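One chain, chain A, appears in both complexes that follow, with chain B as partner in the first and chain C in the second.
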Partner chain A sequence: MPAPLAPLTLEIVVLLLGIVLLGFESFSKGGDRGWMARWSVAILSVVFAWSFFTTGDTGVDPSHAFYCADPLALFFKRIALLTTIIVMVISLEFRPVLEKFIPGIQPGSGTGEFFALPVFTCAGLMFMASAVDFLLIFVALELVTISFYVLVAYMRRQNASLEAGVKYLILGALSTGFLVYGITWIFGLTGETNLARITQVLPSLLAEGGRLHGSESALLFALMLLLIALGFKVAAAPLQFWVPDVYQGAPTPVTAFLSVGSKAAGFIVLARVLQTVVFLPSIAPKVLSVLGLLAVLTLLYGNLAALPQDNLKRMLAYSSIGHAGYLLVAFASIDPAAGNLYRTQTAIGFYLFGYLLMTLLSFLVMTVVSRHSRGDDIVHFNGLSKRSPFLAFGMLIAMLSLAGIPFTAGFYGKLLVFSTAIARQNFLLVSVGIITVAAGFYFYLKVVSAMYWKEPTEDQPVTASGLTKFTVAALCTAIFYFGIFPQSLLSMLPSDKAAPVAVSPAPHK
Partner chain B sequence: MQDYLPILLQVVVAVVFAVSTLVISVVLGKAARRNAMKDSAYECGMLPMGEAQPRFSVKFYLVAMLFILFDIEVVFMYPWAVVYRDFLVEHGSSIFWSMLGFVAVLTVGYVYAVFKGALDWSK
Partner chain C sequence: MSVTLNHYLLASGLLFAIGFSGVLLRRNILTIFMCLELMLNAANLSLVAFSRFNLGPDGLPNYNAQILVFFIITVAAAEVAVGLAIIVALYRARQTTHVEDINSLKF
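Now for the complex of A and B:
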């Protein structure tokens, strides 16, 4: 076995790949750019495999580090890599639509950046997973957000894409402003930007005789600003209003990337930031109650507003808000007495991985179908089971997992999340969660009923490339595998050996 | 309070100077009198009348953005140059190579901008 590699090499390879792709793009004059995506898929897959041979030791004292490589960080790096790989596969299917809205001198000219920018986004997401200093958090977040600004508005001859781009740019810049303002407040109060050192100094500052004693409101204000900024990123109500328009207008692969990658990175940053304050007895109850409120609002808004949607892309946008709500339940159920966040981290890690599988699967099938049917309304899926039984089955699995049917990854993720809430006896959150799951069954199964019980409006068969078929099959298998054998995934996540994250045996048997 | 007397004097001198020059130019010169052109808003040489939202070529934004990018790069080099010598003695040559890496990444960006025609105004 080769010597373990320094974890930073992963990011460096990904960044170099992006730079090389941009270099190729600048010297060539148009033509087919599919090879860029195929090479990215190949190289990112190698990096993904590579991530299992890295050491978690960066050789830097945590109180001076910008970058950490704990199991959680490595897990989220894998999420970022896997998301980017599948997004590249989706982009390959999306190419004909993309070329239609970017008329160039030659077919395919001007599409190269569409395959190079996601690689940079991936590097940013990987840095976010490892960031333990506000400065690196900020820089990584900007790398992600700025490449998304370009990608969202990529189809420049389509008004919906431009509208989405402007909305995302303005609201993204606004939320960045909140983030920076929050960071300056934290820095002003503690004199530190390193999360480990902030954790160290806060108890003494808040204690009797400390500089912040009796005036926690300044710290709470800073946390509120940070929560607003991260709420934008993860699409938590009441900061979710940009999501439906941006998700619907953006090119489909970018929507898939936004709804998985951006959300996963936002949640890991939220976990790292909360770790600094959640064990302070004077702060924790307030922060947790705000998180609980956000969770309830997000759950209700996302799942109820998805009910009347006719457009699948827009419905998936609301569903993505709803899933942010389930993840926030895990945050609102943090136990301040536990001394660590392992339980919550495990729940969100597993949930996000399952969410990645099922969301990307549904976006992949949607891209193929909407290319053939020229639209992504649910009507366009009518009778898909007759036009392409294989893709219809893939979509069926994705929808069942999103709804949370037992033996799928989506079900076990929800089980983990609700078990954190039950452990804290937070029955309001559990009951709201269960009501919204019921609402979810309606709108996810609406798609299934359109595919299997409605007559097709066109009878031309839907075809997909071999790579797409392989990806659909792999994602379906993974959804069942991790739903039935969750332990294989849980072993990669941080766990408290003394009090294992033992969920009572699945009750729905 | 004694310390603030010079500031007070300065304020008085400034106000008297500004007011007196304006008054003298109105009394003595014809050019200072008001007319319609003079009362219109000053817009940095642009015509103040016209469409409310004129369209500018996207090239203006592109050039402005590239300027900011490479401008910031130079700003970043200043603190680097200041600590360079001390850092070199204490920690070795990593400071040199890290800046070289930074510039290399920027060079790729520059090459990209040139070959994409971002600096070609007539295109």
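Now for the complex of A and C:
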């Protein structure tokens, strides 16, 4: 058996793929750039399979490392790769729309970067999953954010896309400002940028005679700045106001990428940063109560504001805010006495994976349908079951899973999240969660009723490519498979039984 | 009077506050963008100050912070390049850089 590969090779291959694609693109003739997406799908799938043969051990002491490859990091790398692969499939379906809004000598000639930039974003997301030093967290986050600026504003002949780009640019840069200022203060207080080292030195600084004893306000200030920055990234209320506009204006594949990739990466960074402070008895209650408040606000805002929407893309934007709320419930229910975050990490890992499957499935079907119906309002889905029973069924599964019907991955994810809250006896969060799930049923099933019980306005059938049909079928199967056999996914996530690797909190000296 | 860490922190705090209030109050996207850069530079200033004044046991500063400053400068440059391109594209399409005029998506 060959020796397991170093995990960094995954990122290197993805980055090389991006560079090679850009290089070939600039010398290729003709307008068709679909080959870039097809090659990306093929190579990223190989990298995805490859990730199961890597070792989690980087051979570096975590207190000097920038990069770690614990099970959680590997899991989130797979989420990033899978998201990018499906986003590429969605962009293939999206090409006709893209070509309409990009000026070029021949149709499609200006669209090359649209297929290369997601690969770089993917590399950034993978680095973020492994980042255990604020330096790498910052650089990886910016690699993701800056490529998203370009992607969101990509259709430069369409006002909505440009406006969404400008809004995302201003608010993304604002959150970067908060992030670096927060990092600055953490560094000023602890003298370290490495998360494991920060975890080591904080207890002694806060203890009797330490530099920060009796004045935790500076540390809380720094944490607040970081929470604001990450709150922007994961779309937590009250920092969610950019989401509906940007999601509606951006090209659909980019919206799908934003709502899954950028959220997953924001949450893993949040988990890593919180790991440094949630076990400090003087800090934890304050941080957790702020997280609880954010969770309640996000849940209520996301699910209630989605109720009156009649544009599906905008409704999915609100729904993504609502799902960020469920994930925040898992964070607000961290047990400071547990000494590790395994419970929360498992819950968010599973939830995000299920969220990936169902959200990307709904965006994929939406792209195909809106190309045929020239619009992404819910009205355009009227009678879809007659125009394409297969796609309507895919959308049905996605909506049922998003709403949280039993035997779907979405249901089990919600169950895990609520079980963390119940374990902490946090019944306020549980009851708000259940109320918002009920609200979710209404607006998700609105789409289902439009597809199955309304008469179609047009009657020509909706057709999709073979790759798209295969992806829809695979995603549907996965939603049910992981909903019925969640154990197969849970075994990949960190648990109490597995030996802690890399940045587990170091013993206090 | 010698310049201490607090002076630097005060200056950087002021820079950050000016930048942030500029983002909230100004109505021109270019000005807003400049204010955002001000916020990043506030962080740079305090990073260097913290690194210089909090020496380790060996009398040397932690250079990670100073390296981080270089990364922030580089990333900010990339952000400006992309950001200005987007703003120019917007100006071409709409002949305006005012936030009030950017309202075709309902807020």
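One rule holds for everything that comes next: the second predicted complex is superposed on the first by the 494 of 509 C-alpha atoms of A that agree within 3 Å, B and C clash if a C-alpha of one lies under 4 Å from a C-alpha of the other, contacts with A are read in each partner's own complex, and residues count from 1 in each chain.
Just so it is clear, contacts are C-beta pairs under 8 Å (C-beta built on N, C-alpha and C of every residue); 3 or more make two chains touch, one makes a residue touch a chain.
Keep in mind the model is a prediction, meaning the values are calculated, not measured.
> So in the superposed three-chain picture, is A:I19 touching just chain B, just chain C, both, or none of them (first/second/both/neither)?
After superposition on chain A, A:I19 lies in contact with chain B alone.
> Please work out whether A:T111 is in contact with chain B alone, chain C alone, both, or neither, and reply first, second, both or neither.
neither
> Would you check which partner chain A:L135 touches, where first means chain B only, second means chain C only, and both and neither mean what they say?
Only chain C; A:L135 stays clear of chain B.
> When the two structures are overlaid on chain A, which partner does A:I170 contact: first (chain B), second (chain C), both, or neither?
second
> Using the touch definition from the top, say if A:T193 reaches chain B (first), chain C (second), both or neither.
Only chain C is touched by A:T193; chain B is not.
> Look at A:V150 in the shared chain and tell me whether it touches chain B only, chain C only, both, or neither; answer first, second, both or neither.
In the superposition, A:V150 contacts chain C only.
> On the A-aligned overlay, A:F27 touches which partner chain: chain B = first, chain C = second, or both, or neither?
Only chain B; A:F27 stays clear of chain C.
> Does chain A have more residues touched by chain B or by chain C?
Between chain B and chain C, the winner on chain A residue contacts is C.
> Across the two complexes, find the residues of chain A that touch chain B and also touch chain C.
Touching chain B in the first complex and chain C in the second, no residue of chain A appears in both lists.
> Going by the contact rule at the top, pick out the chain B residues touching chain A in the complex.
105, 108-109, 111-112, 114-116
> In their shared complex, at which residues does chain A touch chain B?
Listed in rising order, the residues are 19, 22-23, 25-27.
> Would you mind writing out the residues of chain A in touch with chain C in their complex?
Within the complex, chain A contacts chain C at residues 133-135, 138-139, 142, 146, 149-150, 153, 156-157, 159-160, 162-167, 169-170, 173-174, 176-178, 180-181, 183-185, 187-188, 191-194, 241, 245, 248-249.
> Write out the stretch or stretches of chain C touching chain A in their complex.
Residues in contact with chain A: 9, 12, 16, 19-20, 23, 29, 32-33, 36, 39-40, 42-44, 46-47, 50-51, 54, 56, 62, 64-65, 67-68, 71-72, 75, 78-79, 82-83, 86-87, 89-90, 93-94, 102, 104-107.
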